[in-house]
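Next come two complexes, and both contain chain A; in the first it sits with chain B, in the second with chain C.
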Partner chain A sequence: MKLTPGAVITEPGSTTRYQTNGWRTFRPAVDSGKCTGCGLCWLYCPDAVISRGKPPGVDYRYCKGCGICANECPAKAITMVPEERG
Partner chain B sequence: MVARVMSGNEVVAYGVKLSRAEIVPSYPITPQTTIVEQIAEFIANGEMRAELMRVESEYAAMGACIGASLMGARTFTATSSQGLAFMHELTHWAAGSRLPIVMAVVNRAMAPPWNIWADQQDVLSQRDTGWLSLFCETNQEVLDTCIQAFRISEDREVLLPVMFSLDGFMLSHTSEPVELPKQGDVDGFLPESRRPPLLDVDHPTTLFNVPVPEQYMEFRHWIEKSMDAARRVIPKADREFKRRFGRGYRGMLEPYWLEGAEVALLTAGSVCGTVRDVVESLRKRGEKVGMIKLRSFRPFPSEELRRACEGLRVLGVADRACSFGMGGIIFSDVSAALQPLNVRVLGFIAGLGGRDITHRDIWRMFKRCIRAIEVTPARAIEWFV
Partner chain C sequence: MREELVEEELFAPGHRACAGCGATLAVRLALKALGKNVIVANATGCVEVISTPYPETAWRVPWIHAAFENAAAVASGVEAALKSLGRRGVKVVAIAGDGGTADIGLQALSGAVERGHDFIYICYDNEAYMNTGIQRSSATPFGAWTTTTPVGRVKRGKDRPKKDVPAIIAAHGAPYVATASVAYPIDLIKKLRKAAATEGPTYIHIHCPCPPGWRFDSDKMIEVARLAVLSGAWILYEIKNGRLNVTIKPPKRRPVSDYLKMQGRFKHLTDAEIAEIQRTVDERCRHLGVG
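For the complex of A and B:
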């Protein structure tokens, strides 16, 4: 990548080339039986990697495993599972 | 050209108006001075087309400066002491983002204990942020440096923010006659800034990115290279200014009466005027003394300083600030720069918190330096308390 003064990136959307899944130690696993489809996980995911649905879809190329979705889910439908077992 | 009697604060406001700054984010409460008040008046009277943006703190002021400068606007702010310290994280941010912001710093002491008077601890504590840092001796120089600062900062080879200093009260609240150039002449010296905005919804960019260790160092190296470029750009801007307006300040430092001098005193800011007086009277008595006025602290004019000091035996450095545990801040830089020369460097710390640096003090500094030609002094650094 060409470096520019001030580290400005002029190509929009290039961040999709940076897959943040390497940061993850726990992955969110959705229990489709418990999910009510409320969409709160979709709303709260700071990386916008959850797509709406019942159950929601998680894009594991970018999910960094922060666990916010699991924390916010009112139906306790999301469990954070260690990567080595997941 | 018109001459008016004005305080340093008013002079800054005129400089900013003449430079056609477009946005002035500022925090209006102490330690702020009347600089932004005067700018507000210009705007209210319709004499200046700019936006004065009132914010909730100096931190926010610098944040807003960064945003405005990213929009490509010519941006100015002013602050002092604690206010400047509060900006510190963002002064790094402004320089790292390569934004040509210009800031006036009215040099005032750091608290505690509270003190609002002249002292350069505030500006010298910003040493390593990547800002250019210029000092002024008179209110006329304040005006001229303000106009030059925009040109230097916006130079494509520099693209770094510039802070210029005027000593609290000694300049900021003291009235002196100042010649105001015509708007058209300033426009000729300082063309409209035409940087493309970086914040543009039609051409989105990603700012403040995270370069990995394999990349980060390059950005820092570029700042240093731009400082090198500023070493050429500052004197060039000053020469060009002199050509147009008849006043110049010798670029980054001014050697004063160094012909045949064995001893000189280096200092920055308003005290240079007093040193000139003392040099004159000592010369009349046959003492071989001179002065070096430091105009640019960052970039530091090491090469120019070595050239100026070639014939000297002793150089005294009067600092209006201290790096506690080491000594004068300018003294340290001077010592490092003069390391290849056989010149003894003595440090004097004086005039903190608005204490006057009197003719007598400077006389004493010169005496110490003259003595040091023959006798190694017991201490290299002395406090004039």
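For the complex of A and C:
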């Protein structure tokens, strides 16, 4: 690896090269019939993997499966389901 | 308020924070409040470690890694340089954890506030040194288990109260000081915007639950943060030019045991010890007018 002077990192947001989906044991599944589009799941996600909308989109490349979205959803529209064993 | 927040994420995914990290959410929300025109000076700590696994970075704003003790000093220098260059419209933001704020960086923070630099200092408080293995800091609350305040026949977790850093900074005469919680994002964002609109040194202290360090399941992170506020264990207020204003008043305070019993770090506490913690919470709530 070539080091830059001062170890400066020149590519903003480059952690997106590393996908954290392998950390996950449960994945959030959204029931679009129950979703009210309130956006709380989007607001509370520490990994910024949920986009606003009705239903919200989940970026499963980075979701770590913490389950905050399912726990906080006021409409109970999100459930955590076990990942399939590969 | 929720509608006018930008969709753009200035703190990228792929960062290495534990699942359900409170500190990471605090940073993400803070950048949503402040927008792109910031320069961040970040002390050593969880947020620094998880956001910049070289040669990657999660930051989409200019960011400088300071040492553990000098985020406020680095921010001071950047602010002075911008002023000398005549650059306006860029806010300097120092970010540090409770270790980098209440213990190791307190002197640099005190100096920067006393000199009156125009900057925002954000403390993400997860109440111990988490990335090194849950060692107590001066911001760890009374009674909490950590790896350096163990529970056994002689010791019962931390035997000293939590240091009140917002009060210390308010005593410097800073024009805006506030506490916040990741469970109340709109309150948090409003306070950061007020800090950004204030000229001079401002301080925001954010309560950030840590699932592995506080010993609870990651999906309960917001619930734990909310119960801290609803029980009065963490009080949301702002001090603007010396005037105190409690921003979120729980209609009827929940018993502090509801908050403590969700967390493994307090599981050793007896009913008598919980009653003692309840007494100190009641006293502090009365003092700040929470009721």
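A few notes on this one:
Here is the rule we go by: the second predicted complex is superposed on the first by the 74 of 86 C-alpha atoms of A that agree within 3 Å, B and C clash if a C-alpha of one lies under 4 Å from a C-alpha of the other, contacts with A are read in each partner's own complex, and residues count from 1 in each chain.
The rule is short, and it goes like this: a residue touches a chain if its C-beta (ideal position, glycine included) is under 8 Å from a C-beta of that chain, and two chains touch if they have at least 3 such contacts.
Please read all numbers here as calculations on a predicted model, not as lab measurements.
Chain A has more of its residues touched by C than by the other of chain B and chain C. Of the two partner chains, chain B and chain C are each touched by A:15.
In the superposed model, A:6 makes contact with chain B only, not with chain C.
The intersection of chain A residues touching chain B with those touching chain C, taken from the two complexes, comprises 7, 9, 12, 14-15. Residues 2, 5, 7, 9, 11-22, 24-25, 28-29, 51-61, 182, 185, 211, 217-223 of chain C touch chain A in their complex. Only residues 3, 5-10, 12, 14-15 of chain A touch chain B when the two sit together in their complex. Chain B meets chain A in the complex at residues 96-99, 159, 198, 203-209, 211, 215, 218-219, 222. Of all residues in chain A, those touching chain C in their complex are 1, 4, 7, 9, 11-20, 23-24, 39, 43-49, 51-52, 59, 61-62, 64-68, 70-72, 80.
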